[in-house]
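Take this structure first; my questions come after.
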Amino acid sequence: MGFDRRAFLKFAGGAGAGIAVSPLPWKLLDDVSIWSQNWSWIPANPRGETTYELTTSKLCPSACGLKVRLTGGMPVRALGNPDHPLGGGLSALAAAEVQLMHSPARVKTPLRRDSGGNFIPIGWEEAEEALAGGLDAAGADIACVSGDETGSGLDVLSAFLGERGSDKLYLMPSEAQSAARAWRLMGGSGQPGYDLESSDFILAVGANVLESWGTFIRNRRIFAAARPHGEEPERGFVYAGPVQNNSAAVADSWIPLKPGSELIFILGLAAILTQRGLSAAAPDFASFREMLAGFDPQKVYALTGVSPQTLQNTAAALLRADRPLVLAGSECNQGGGAAQILAALALNLLLGGRCLRDIPLARPVLPAAEGRQEVQNRDLVAYMAQKPNPQALILYEANPVYALPDPESAAVALRNTPFKVSFSAFMDESSALCDLVLPMPLGLERLDDIESPYGCGKVFYALSRRTLETADTRHGMDILLRLSAGRGGLPASYREVLEARSAALGADHSALEAGEVFEAKAPAPGRLMLLPEILNRAAESKNSVISLALAPVQKIALGTAQTGIPPFNVKTIRGNELSGAEMSIFINSATAYSRGLREGDRVRLAGKHGEIRARVLIFEGIVPDAVGVPMGFGHTALDVFSRNKGANATELFTATPEAGTGFTLWNQIDVSIVKI
Amino acid sequence: MLKGKFLPLDSELLPEGSERCSLSKFILWLLPIGLLLLWGLYAAFKVLANGLGVTGLDDYFGFGLWITFDLAVIALGAGAFFTGLLRYILNIDPLKNIINLAVIVGFICYSGAMLILVLDIGQPLRAWFGYWHANVHSMLTEVIFCITCYCAVLVIEYIPLILEQRQLDRIPLIRHLAHNFHVFMPLFAGIGAFLSTFHQGSLGGMYGVMFGRPYAFREGFFIWPWTFFLFVLSAVGSGPLFTVLIASLMEKITGRKLVSWEVKSIMGKIAGTMLSVYIVFKLLDTWWWMTDTLPSRAGLTFDQMFYGWIYGKWLMFLEIIICGLLPCVILLKKSLRERVRLFYAAALLDCLGIVINRYVMTVQTLAQPVLPFDSWATYVPNWVEWAASILVIAYGAFLLSLSYRYLPIFPQEAALNRDCGSLGLPGRGS
Amino acid sequence: MEEKQQKAAGAAGLFGAAAPFLLGLVIALAFGWWLFPGLLFSEKQQPVAFSHKTHLEDAGQSCADCHFLREDGSFSGLPPTEACASCHSSAIGESRAELDYVENYVERGKEVPWLVHQKQPDNVFFSHAAHSQAFCATCHVEFDPEDEENKPDALCSVCHLPVEELDKQVAYRENRLTGYSKTTMKMARCESCHANPNHLGATNSNNACYTCHK
Amino acid sequence: MSAEHKEFRIKWGMVIDLDKCTGCGACMVACQAENNLAPTPDASNKKKVMNWLVVYELTNGKAFPAHEVAYLPRPCQQCGTQPCASVCPVVATEKNEEGGIVSQIYPRCIGCRYCMAACPYHARYFNWLDPVWPEGLDKVISPDVSVRPRGVVEKCSFCHHRFMKAKDKARVEKRDIFELEDGEYVTACAEACPNGAIAFGDLLNPGHKVSALAESPHAFRLLARLGTDPQVYYLSRRDWVRAQGDNRLAEEITRG
């Protein structure tokens, strides 16, 4: 019998029948579906014992407490730590902190710019040599910008520069500096502290206390504690500012203020309160009261947009409260000037000042270092305005090319500097322009310290600790100390600096390394001046007529200038805030109507130096004749999560000297809006 | 055999007594169809290889063009079971002249729908879970069971047609088999009718039970929401006419008469009758939904169910009045029905109405914001979804072309074309 | 007449005519039943020739020295190298296996990639705490570890290999397609208890999907 | 074919105080990290962005200065009568376990998306493509929640794995697993919120604060009139916020 076609068909039929009654097809059917549960290209869960480590966030400006969860020794989650004095939950930034350790924006090895202008990865030895060479060549003409304002790194930087004969250590502008300036002028010693815990009424003027101002996670925990679910609040909270921001959303009331008119509003309140007989035990109170006579409710209305009735009601609420606290600040934590903080502090003194503290700052532990106050007193924006051209520039966790007002001129200044080095964990805009980029460990990867961040009410000292060994980062402070090789009495390692700092504060260093926090009560302030002359001069400069005022809005979910937008936080951006690469600016319907704009219109916003493009969003939670611009967009470096999203609001900022205090400020910015 | 003509190369395979174009012409006809098929297969490959992210579907519109397409072809493919029911169970004899086509169209519709479903589910390798891990409370389970079973029935109904192919028919065993199949046809027709009624209904039930979706949600009878019955009725009210439209389209393409006007007219009359029943209930249902279900169950008004132009009320007017009532009138009134142009217009409107119905039940249901602080969403299918849908249409055209050329599916063809033949009119197409 | 002849011929040659069919059938059955299961699984050896028997009998350890419930309710599973190194910081015996182990893992501080016969995929949450001996023994006396009649790990051996009796390791067989261990529990095994109505009241467990999936 | 309604001894519930939510997004970030949701470089098409927890912006619709704003975090509502579970053809989602959390079993789901169509809260999300973690970020996958492949539906699970772990802890401490203390099991979002806007606990346990909060005169549930019986409650002292919890007819609004 030949194997013809018919036989073959029969064979195939038999084989088919046999296979069908064997386990083969059924097992395969089952296994294929099981295979689809465990595709090799889908990441697998890590396995291992769960452990926790307590620490304090160095990355989040709120310095909130963290409980880091590790699986098999690998950090996997940042959790809140309710027992931490500045903790009790997480900011949207701190929640992403563990993930940020693996962000694509991280600098993974030291980088040096070659002659062709490209970065090439180099080893640490070569990197430290390049650093030494570059700095030595500059001699004493070295400037340094630090983005860290709470760490002992400032001591090291200051001592390092001092040892080389330079005193050009600057901080990135922040509210803390404005407050320190005001405090110093008034005669305070350390930095102003706010005992929110004991206050029973909080008036936040411009300060976005529940989102970005001060120790905002602590602020929020205190806010929450006084508001039992669904019940009448135990502590009053009023927010005054140009935008109905996150703080305004949950405030008992929102008092709309024209951008930059915070000072006038505070003086208006002070005027009413002095008329009602309140006084402060300040040597210059009499002239203060006299000066306030010029701020009658009608004038305040004209300058701030707050009706006399609202002003009276607010003053009455402050009077009713037993321990009221007025917090002034700027929405975006910078550029608000010192005068408004000075005025708020004066207003608090009028109200009894029971919630004010004078937080002493530890003396520098390095002999050659200046005190923090001295550093805070320097004005980076003013320095940049002089168009200085130092021979070398050290950027320490600072991103001036993104975050300074008029960032383009910062970029020009950087380009004109012969040698610039960036100590940065992320490849940010400024690092991208440097000659040498040295990868920093993040807060969760390094031992560092946080001392009394602005906004807290007690002496606070805590350490961030290493939860993960990262192979190729080195703490910039260790590098600089190594470079100094003991000159100027500098210790060999940063740890020694921190130990000395702990000792100076009387804190147990090893307990701090284990995640504990040092706290000490801060005294009430001594006799302070009210400085009516300064306030008056600052207030008089507020009269300028503005056609369309810029109202920046900060959301910590979009990260800081260094981090950019953390990968997980991209999803928190609302659909009407960003569409693809295009962001929205917002105006209310009256403003839109008067300028012939509609929702969705593409517009060009122009300030004195720069301009941005965006789409119009109609949002009624903003004062008329003001335009809300979100901060945190418009990155051109970092990673795909930050890049190509909207525009950088700082392009529109124009810094001017504040009359009276001499500090720079940028809170009354006139912009033009043109439909394109 | 027709004398004095060139015979196609494959003439030995062609049905006896038929006239077909040349093989090369036929291949030329298949070429564009093949290209569309390839395009669709490319889209299908993309979906299977990368995932459904390549489509225009999103989390608001988990259902979109494909589900609309599936529901539409399944409704329009209802000609198969309903004609089968009328022909074999109710013994309406003239329908024997179109039943073969109805079966093939039904098979194409159902197998095509299943093909789309394989693409449309995220994990096609787990498709069999529908049987093995069935949730008996889900309308979709019923759909999965009935559609696959009914597709098998359609295969069984299709097989004897294939076996009647001229060359196959010469083999005694096969002729025997084909005959035996025919004997059992009433049984399969019955099973088919049962399965079809249920899954047509369950498809409607799928929407009617969604009590979180006020646009679709309907109260009902026992476990079946009113949409269950409406979907059955609308399917039988349009399926037969879709078969007629396909027959007429084939006539247009081939230039040969395939089904007598009388048969078409009967189909039209039957569909019209069912359509009128459907429309009455649809109007009642809409009224009840508007005045009771919507306000009382969802706190929403009729007006809130429509939005702008894209989801406007005109769609509902078009669906129920222009594509519902109007064809009803035409199909039921003999004088109107017998006017050919009006008849076809009515048939087209009828089918269009059902497609619109399936579209709004799928897409508008999902577009309508239920959360008070949400807003209307819009959906635009992308090329992948269109290509895959066209894949099914091309596949249908391909199968129909082959079936028409090689299988004796039109019993009347020879008789109807005897005159034409003598007039020398060539059969043009496939 | 013709038909009859055909029939007769068919009957006579029935076996002959069906031979290809039967051949196909037999080959397919053999392939499907014997060859295929072998082909589906690969066989792997453990990276370290570990003997439970040595550790239990010679070293006098108990199961719970390595496999225990942690305070947080999680199960320790297999001990990390760090734990083993508390004895094996350097080789204490003379066996080749131990020398290899110390050299390759302890000295290098590496974890052993053990092949776990009962390894469950990521989507399964198995709670050792919920399946404790003490708890199961309230009804199933055969699992009572206090009872001298029983083996100490009788309950463990319901799912795991009876490793305490094994001096040599059992080869690990892995499904080439799914990556599952051949001896791991599949869902039907879980359901044999979880879907058992007798268990529902007594154990606070039920057969809900979320009882075991994550 | 209406969904069945099961009763349980414990019923995990959330009470979200909208008067405390600033809309900062910390809950969303914590949720993604906890539950292994892959990040996305461009999240502006909100209809294709996976977010188990979404914070909606609510407005009272009035022009400046009468304008008010509120933020509403929306997890899965864990409905008592689920629009979703009843329609799933393969029992990939059900509400069957003590605690009343609606499960979603990824290896069972065939990805038909019927549940998504049925859910009026848009709480369900589909894996349109395989998840992509930028290189390195896949190292910080959390250990408790399996990573989902393309083609399956997922949703908020009330961090069910935390319930499992809390039960295991209770087991080793020889406590009743159905009498967990208030706060012993909370979701990642509730834990992350610095404003304490999200309270979590057993709605049936008088020892848990949510049981009283759910009875608050300020409490409401989303789309309650559809009959979904959610286990998520919202609180607001503001009338206009409560009014946005459900669809109301004109005459009902005038009646108040």
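Letters are used for the chains, namely A, B, C and D, taken in the order the chains are written, and counting of residues starts over at 1 for each.
Just so it is clear, a contact is a pair of C-beta atoms (placed from the backbone, for glycine too) under 8 Å apart; a residue touches a chain by one contact, two chains touch by 3 or more.
The structure presented is a predicted model; accordingly, all values stated were derived computationally and were not measured.
Here the chain at the heart of the structure, going by C-alpha means, is D.
Chains A-D form the pair with the most C-beta pairs in contact. Centroids built from CA atoms put chain C at 51 Å from chain B. With centres defined as mean CA coordinates, chain B is found 61 Å away from chain A.
Distance from the chain A centre to the chain D centre is 30 Å, each centre being the mean of its Cα atoms.
In chain B, the residues that reach two or more other chains under the touch definition are 123, 126, 129. Touching two or more other chains at once are residues 32, 34-37, 44-45, 47-48, 50 of chain A. Residue positions 49-50, 57, 91, 106-108, 130, 144-147, 151 of chain D are each in touch with at least two other chains. Interfaces, counted as pairs of touching chains, are A-B, A-C, A-D, B-D, C-D. The touching residues of chain B, counted against chain D in their complex, run 50-54, 57-63, 120-123, 126-127, 129-130, 133-135, 137-141, 143-144, 205-206, 209-214, 223-225, 295, 297-301, 304, 365-366, 370-374, 377. Touching chain A in their complex are the following residues of chain D: 15, 17, 19-26, 28-30, 32-34, 36-37, 39-44, 46, 49-51, 55, 57, 59, 62-65, 67-71, 106-107, 130-131, 133-149, 151, 191-197, 199, 209, 213, 216, 218-219, 235-237. Against chain D, in their complex, chain C makes its touches with residues 69-74, 121-123, 125, 127, 129-130, 132, 204, 206-211, 213-214.
Here chain D touches chain C in the complex through residues 91-92, 94, 96-98, 101, 103, 105-108, 144-147, 157, 160-161, 164-165, 167-172, 177-178, going by the rule given at the top.
In the complex of the two chains, the chain C residues touching chain A come out as 16-29, 31-33, 36-37, 40, 70, 72, 74, 76-77, 80, 121-123, 175, 177-180.
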